[in-house]
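To keep things simple, chains are lettered A, B, C, D, E, F and G as they appear, and every chain counts its residues starting from 1.
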Amino acid sequence: MILELPILILALCLLLALSSLIRGPSLANRVVSFDLLTTIGIGLIAVYAVMTDQPVFLDIAVVLALISFLGTIAFAFYLERSQR
Amino acid sequence: MLIAVLSGFGFSLAAIWIARIGRLRGWLFALLPLILTLYFLSFTPAIIAGEVITASYTWVPSLDVQLAFNLDGLSWLFALLVSSIGTFIFIYAGAYMADEPLVGRFYAYILIFMASMLGLVLADNLITLFIFWELTSFSSYLLIGFNHKDDAARKAALQALLITSGGGLALMAGLILLGLAGNSFEISTLVAGGGVAEHPLYVPILLLILTGAFTKSAQVPFHFWLPGAMTAPSPVSAYLHSATMVKAGIYLLARLTPVLGGTDLWHLLLPAVGGLTMLVGAYLSLRQVDLKRILAYSTISSLGSLVFLLGLDTPLAAQAAIVYLVAHSMYKGALFLIAGIIEHETGTRDVTALGGLARIMPAVTLAAGFASLSMAGIPPFFGFVSKELLYETTLGLQDTAVLFTTLAVIVNMIMVAAAVLVFVRPFTGAIVETPQTPHAVPLGLWLGPLALGTGGLAAGLLLSQVGSTFIAPAVSAILAEPIEVNLALWHGINPMLILSIVTVLGGLVVYRYRHVYERISSRLDTSERWGPAQWYERGLDAVLMLGQLQTRILQHGYLRVYLLTINLVVISLVGITLVTRYDFAGQLPSTDLHFHEAVTAVIIAVAMIYVLFARSRLAAVVALGVVGYGIALIFVFFGAPDLAMTQFAIETLTVILMVLILYRLPSFANFSSRGQRTRDAVVALSVGALITTLVLISTTIVQPSLLTPFFAENSVTEAQGRNIVNVIIVDFRGLDTMGEITVLSIAALGVYTLLRLRTPSQRKVDLTAAVETGEIAEKGKSEEAEGVQ
Amino acid sequence: MKATEKRHAAQSLILLTATRYLVPILLLFSLFLLTRGHNEPGGGFVGGLVAGAAFALYALAHTVHQARLLLRFPPRTLIGTGLLIAVGSGLVALLFQRPFMTGIWSAVELPIFGKLGTPGIFDIGVYIAVLGVILQIIFELMEE
Amino acid sequence: MGLLVLLPLLIPFVTAALALLFWRRHRVQRALGLVGSVGLLLSALVLLVVVWRDGIQVVQLGNWPAPFGITFVADLFSGIMTVLGGIIAVAVVIYSHASVDRLRERFGYYPLLLFLMMGISGSFLTGDIFNLYVWFEVMLMASFVLVAMGNERAQLEGALKYVTINLVSSAIFLTAIGILYGISGTLNMAQLSVQLSQSQQPQMVTVVAMLFLIAFGIKAALFPLFFWLPASYPVAPVAITALFAGLLTKVGVYALIRVFTLLFVQDIGYTHALLLLLAALTMITGVLGAASQNEIRRILSFHIISQIGYMVMGLALFTPLALAGAIFYIIHHIIVKANLFLIGGVVQRLEGSYYLKDLGGLYRSHFGLAVLFLIPAMSLAGIPPLSGFWAKFTLIRASLEENQPVIALVALVVSLLTLFSMTKIWAEVFWKDRPETTPEPAPLSPSARLQLLLPIIALAAITVVIGLMAEPVFILASQAANQLLSPVEYVTAVLGGTP
Amino acid sequence: MVIVLAFLTGGLYACGLYMMMRRSIVKLIMGLALLSYATNLLIFTVGGLTRAAPPLVPEGETVPPVPFADPVPQALILTAIVIGFGVLAFAVVLIEQTHRSVGTDDSNNLRGIEGES
Amino acid sequence: MIQTAISAILLTLGALLMLLAGIGLLRMPDVFLRMSATSKAATLGVILIMVAAAVYFNDLGVTARAIGIVIFIILTAPISAHMIGRAAYITGEKLWSETKIDELKGRYDEETHRLEAPPVESAEVNSLK
Amino acid sequence: MNVLFINVLLALVWTFLTGSFTPNTLIEGFIVGYLVLWLASPLYGPSTYFKKFRQAISFLLFFVWELIVATLRVAYVVIKPNLDIQPGIVAVPLDVKTDMEIMLLANMITITPGSLSLDVSYDRRVIYVHVMHVTDVEAYRREIKQGFERRIGELFR
């Protein structure tokens, strides 16, 4: 099915983001990668919802979008505090 | 009869208050044993007539434990000894401990002891007997340690307790086996039933019971606790450690003779151990200079004689044993009390430092004379009769007559010497300067010894009555058949008489040349280093060392090694069970796999491995977050939206939590060596492999859920919800959720407590740190916020 | 909206401003998750977590002190209340002679919530307790 | 309605939740602690009586039929355990009034205690294996906090080990539950009993049994998984240690007994032989460890381990008498062990130390306390006719009946070494003179005296009563054992139908 | 996927346990977290996998369309996740406080009362 | 059918944008440039995917959710970038060596992290006021 | 803004009238409602609604356009084999004053590929922007001020 293609690409993206996450080198870089990873995750879940014709999965995407932001902020918070 | 036994326990509870009445307390306490003596005496006609008075009360019938009592000749004789000697001891103690502030406790303990001893000798139930047996050990512990500030007293008390309780535990096993083998825990039934000797368990039963009896009655090699026990106050030594408690083992052997006796093993073990104990006790007694230790070792020797006699298992031997036992209880009890008086008055027990006391304490001297004469076996004292009977018995032996007669003569010579030593040195000759100056001895002190000493004389004089009244019923009970006893002082000139004369003369020679004896024996002696007392010490040390060693090995404090241990246990228990018990069928679960699933799996795998090698803790936290998100994605792919949502949310919170905490912690450090890492990796991988195997096996076992169909059908119709997972967690299995939020709540309280609760000392530390870093202002603010609530 | 709100030197103006819009969105969504949890993915637990996230965000952007003021109740009280509501919803069944935690449903049907019943109340208890727990932990940690 | 079965759970829960609302009200907290624990005890007593009279009590939560919802089951064994929990809870709460400092009381001491009791009661009464996990966690979480409460360095170090190792245990437990559900399709213990007995893969069941053995073995402090116990128990406030010493490990033992009588009886020759081996090793290592210690709480802590060995020995022998012995042992041990720790606390309060070398002289100054110590101490050592004697006697008799002389020998030797330890404490703390460096005992205020001694006296009295009136207690234990050995009764009560 | 998840589960256990056996107490926490993932994934896998079919009943119907994923393991994991979080939160703080009080990250220095001679 | 086709195209486009972000992440030399590459491409990608979902399901609830996600992402993604960027700068994250100009240099207070505007006399800034 | 409210109300009424509750009908309803309101605008007296609405639409279109252009630009940079950019951090003085406006501006800058707002000075006078490719700093400042800032200012005043 044609909807396999986007999910394939997104899976690939996940791998790219992961490799960047591991490469680092600084924490800020990792957080950026992590942030991208979650964004891709949101997309992936939405694509999966379309692919499987299950709109309920979109709810998960909403939760992820709402809450993953907090994680990023916490990292930034930490980064700054660790400097003081 | 129950009341008779239990009255002592009851009184002991009140002893502390009764003791407050002052000087007359000894006489008052003595009323109880006196009444008991009279009570038991009241059974005299019945006992002579061969009656057995029984009384039984249910206690723990489910475990075959009854408060069953049985008053026959043997137990009656023992009960009389316990209560009558007790009477004198109690009076004596009143005077002896006149200034002792803890005398109430003393009476409490000794009352417990007396009651236990009565229970022991009267009990018909094996377990009840054992219970009282243990109580005598326990009360003995408290009494030996009565001078509790003294290191030696505490050590001796412990030694006595461990030895007798150790034996007691063997006894317990033996008694249980006996009860199982004989199908009854009632001694009377066992005696009537018989057949235990042929039981396959006979040998262990006998060995276990003998261990118990031998430890209690201070047989070699368990004898060494008894001299140590002399740290107890003299009334205790007299009562427990010569007259009654140490005889409990003898009593038990006598009691069980009809059940266990008569076998080759019995005939081998008892005489051998008893004979050895006779010799060792006698040998050691003469090496002492401490009055009480002389008496203690001679007591050991006498106890050996009793075991020896019981082991012979003949009517004559039994008769000899009972006579010996009664005679010994009287003279040895008296001598211990006298030793107490001497110590009390002079402040020393060293016989070489004493002399001329006869002039100061005539009544005591008389008592000591009587008791020593009885001990030395001089007619017409009762001791003479016992010695005659002993010789008669050994001479009647078939193969070993010469050996055992020689042994008996040698031992008795030493006993004569000891008796002379005990009397002559302290009482005769010139008055010697002692730590304290002796005064006239009050009635309370000398009454007991004199009565007991005179008792030895009276028994000798009233021999036939004593024989038929006291000795015959006991002997009958031992042999489980009626026996005639005819005692007489004069049998004409016979081998026994000759031996007696030889013994006395030999004893005097030994006394005269005891320096030579001492010199030789001290050169030969290795018991200082190799004796059983040293085994005990080494055993104790070994236990402590083993304990320390084991604690070092198992309880080392290294958390990671604890975890390693758990892993090893998992590997061994689960792994071995799996390998040995499970039959691998080789079937594998389905292998279909989608690309995005595979990618997710790869991501999780890479991230988790990254966690292991991450150099920075925050990088590890990020990777951990990736693992969590990855798992959430798997939940998405396999139809678990609620799970995925929760996992995402929780994961994010976890990341926040870690971030908030971790920046206060040091960065990762690699402490472990390469070897440790390899070892841990191998172990962890093994557990992982095990888990993988378990998962693979479990997924091939096709067992459809028994719960799911019900939930699917009832979720909407009965529980009014279309999200089955949610319906499960709030309704079908709502209690899980209740527990779960409770856990969370407690965790939140815990975090609060950990972060806020500061003991005053810690607060000081924190305060200085806060002042240094200038955090103090913020601290105040947060406490303000707390105050708002 | 005040143009010059007093703020800490290290606080980000952008974040501060954004939270004014984000916090209500998060809270709204958390209630949404709570109310429809019985029928669609969601429920008191996730709802409570999201609500907790809202206050946590507020605390990160502003200060814990302000977040506490915003919350009005101490988290501990929320925990206790949540637990009591949860157990209370279970006890309702006893009035109807049913075992503990038996669902009791009223005939009333609410728009999003669906039918009103004790399992729903139980879920509310969970929501409140979880909110309390999350905030108790996060606030304490941030205040340290 | 079956509310009765739930009351031991709900009463502490509601009182704890209320205590959270009255956080700053010190007196209310204390009162709630007392109300919760006394309520727990009373409800447990009534429950036990009802179970004794009417048989196994069952409540299906949410009115869902048995294997589907969560079932709470009170049989005699769980009834007994709940009552014991109640007794200890009341004793500890009263004792805490005088022994726990204000600071800890202000930080949720009583609600935590009540939550702990809730978890313990839930563990005893639940009939669902996953629900058991949940109550275990409630109990553990509360115990984690109580161990660490106070933040003393030793506490934190001990708590770290306690927490970590127990979490590993929980993970193993959860793993085992997951696999069990996978291979049986159910979580209800009664139905599991049925399913596992008909399992097509009995070997796999045995493998899972090993996981449960390890998980519960850690909680019960079985050899060689006991290390967390001596590391952590001695560092908590003594009232808490008393509670833990009495109850917590026994929850592990309870779970072991429950699953190895109800669920895992397919391969007794293997599993229970293994249990017997572990029991012996546990007894020996525990008592040897105690011998090497010189601090009251540590000595007592190691003894917990060795006594766990006795209980598991009863399970391993797997006869009615042995199991009755195990249950009797549990009853005796919980009362006695908790009491010894409470007494240790009083000693510390008087002389300021738990170290034997710093102590002494109490025989003269506090004879009453000496007697109060002697009762549980001698009971622990198995001196007749105190409770410990009957427990030991029953187990040894059972092992001899089963022709297992080795375990009997071990049990006897260990009992002698226990006596050694108890007399060591006695001689050092009571008989020995007070060292010159140790200050005079600090006098107790009358109210503290009452609150500290009342629980001790009560527990000592129970010990004596159990000893003197062993018959009814033994019959109770014996009936409980019979119930355990015939799971049909349990299964029928839960799932319905005729036996 | 079952096989993949089986290996993933095993791997998570291995990594978690390995991390816990490190001397650094910070790693201990990471190990605990990994272990908690591992158990959750195990329950999920052993409970049986069904793709893209959440156990939801469509509006207006009374039973979910078959096949649907088993809701029971999901409910169990939900509880386990939450409990795991609570426990982890406490453990993290405990470790931080331990570090603060003792001043070391090395568990070898945290031998506690066992370390006393 | 046409809805499916449209959504498929949108989904693919969205996915490609994400891919772009991924590649950007790997290729860009410093953290600020990486954020430049990712925050927008990914945001745009998510927006496209959400539109696709809304089109595909054509359901009010789904559309509402899609819109919600879009709004939220538009609101939060830049804030994330700002927060990380700021933190990265404060923690001394190195700018790419080819970076032409850095007007932020020295403006953060080392202690309080208070950010100052360029000095008033800075001509180029004032010239625009 | 109460006109917006009426417009939304009309959209809802429209969906009820058509009886299908899909996004399409809602959008239809909104457009129809807007037309109706525009026709009936004298009824409500002077209102900035229609102007603001137009401004908002044009702002949105501008933003989308910028987004697409910038995305393509970045895509080109990313895909191109050699990295040929001149990044820099530029201080852009601010005219917009309220928090909301500043935040919106900052977000717009960030969303637009190639630029990233790093922070706003404490006194709100300057926003610091990281730019991927800045050949002329002054030109960039002007570009921002003329583009996003002006439009935001118009929309909110």
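Quick note on the criterion: a contact is a pair of C-beta atoms (placed from the backbone, for glycine too) under 8 Å apart; a residue touches a chain by one contact, two chains touch by 3 or more.
Every value quoted in this text rests on a predicted model; they were computed, and no experiment measured them.
Farthest chain from chain D, judged by C-alpha centroids: G.
Chain centres here are C-alpha means, and the one lying farthest from chain F is B.
Chain B and chain D have Cα centroids lying 24 Å from one another. Put simply, the C-alpha centre of chain B and that of chain E have 48 angstrom between them. Distance between chain centres (mean CA atoms), chain C to chain G: 33 Å. Annotation for chain A: residues 7, 10, 12, 27, 31, 33, 48, 56, 59-60, 62-63, 66-67, 69-70, 73-75, 77, 80, 82, 84 touch two or more other chains.
Of all residues in chain G, those that touch two or more other chains are 106-107, 117, 119-120, 122. Shared contact sites, meaning residues of chain D that touch two or more other chains, fall at 13, 20, 23, 61-62, 130, 134, 137, 141, 144-145, 148, 151-152, 160-161, 164, 168, 175, 179, 181-182, 187, 230-231.
Interfaces, counted as pairs of touching chains, are A-B, A-C, A-E, A-F, B-C, B-D, B-E, C-D, C-E, C-F, C-G, D-E, F-G. Chain B makes touch with chain A in their complex at residues 595-596, 599-600, 602-603, 606-607, 610, 616, 618-619, 622-623, 625-626, 629, 632-633, 636-637, 641, 644-645, 648-649, 652, 655-656, 659-660, 662-663. Note for the complex: chain C touches chain F at residues 9-10, 12, 14-15, 18, 21-22, 25, 29. The touching residues of chain G, counted against chain C in their complex, run 97-100, 102-103, 106-107, 117, 119-120, 122, 124. Residue ranges of chain A in contact with chain C, taken from their complex: 56, 59-60, 62-63, 66-67, 69-70, 73-74, 77, 80, 84. By the touch criterion stated above, chain C contacts chain B in their complex at residues 33, 37-46, 49-50, 52-53, 56, 64-65, 68-69, 74-77, 79, 82-83, 86-87, 90, 101, 103, 105, 114-115, 117, 119-120, 122-123, 125-126, 129-130, 132-134, 136-138, 140-144.
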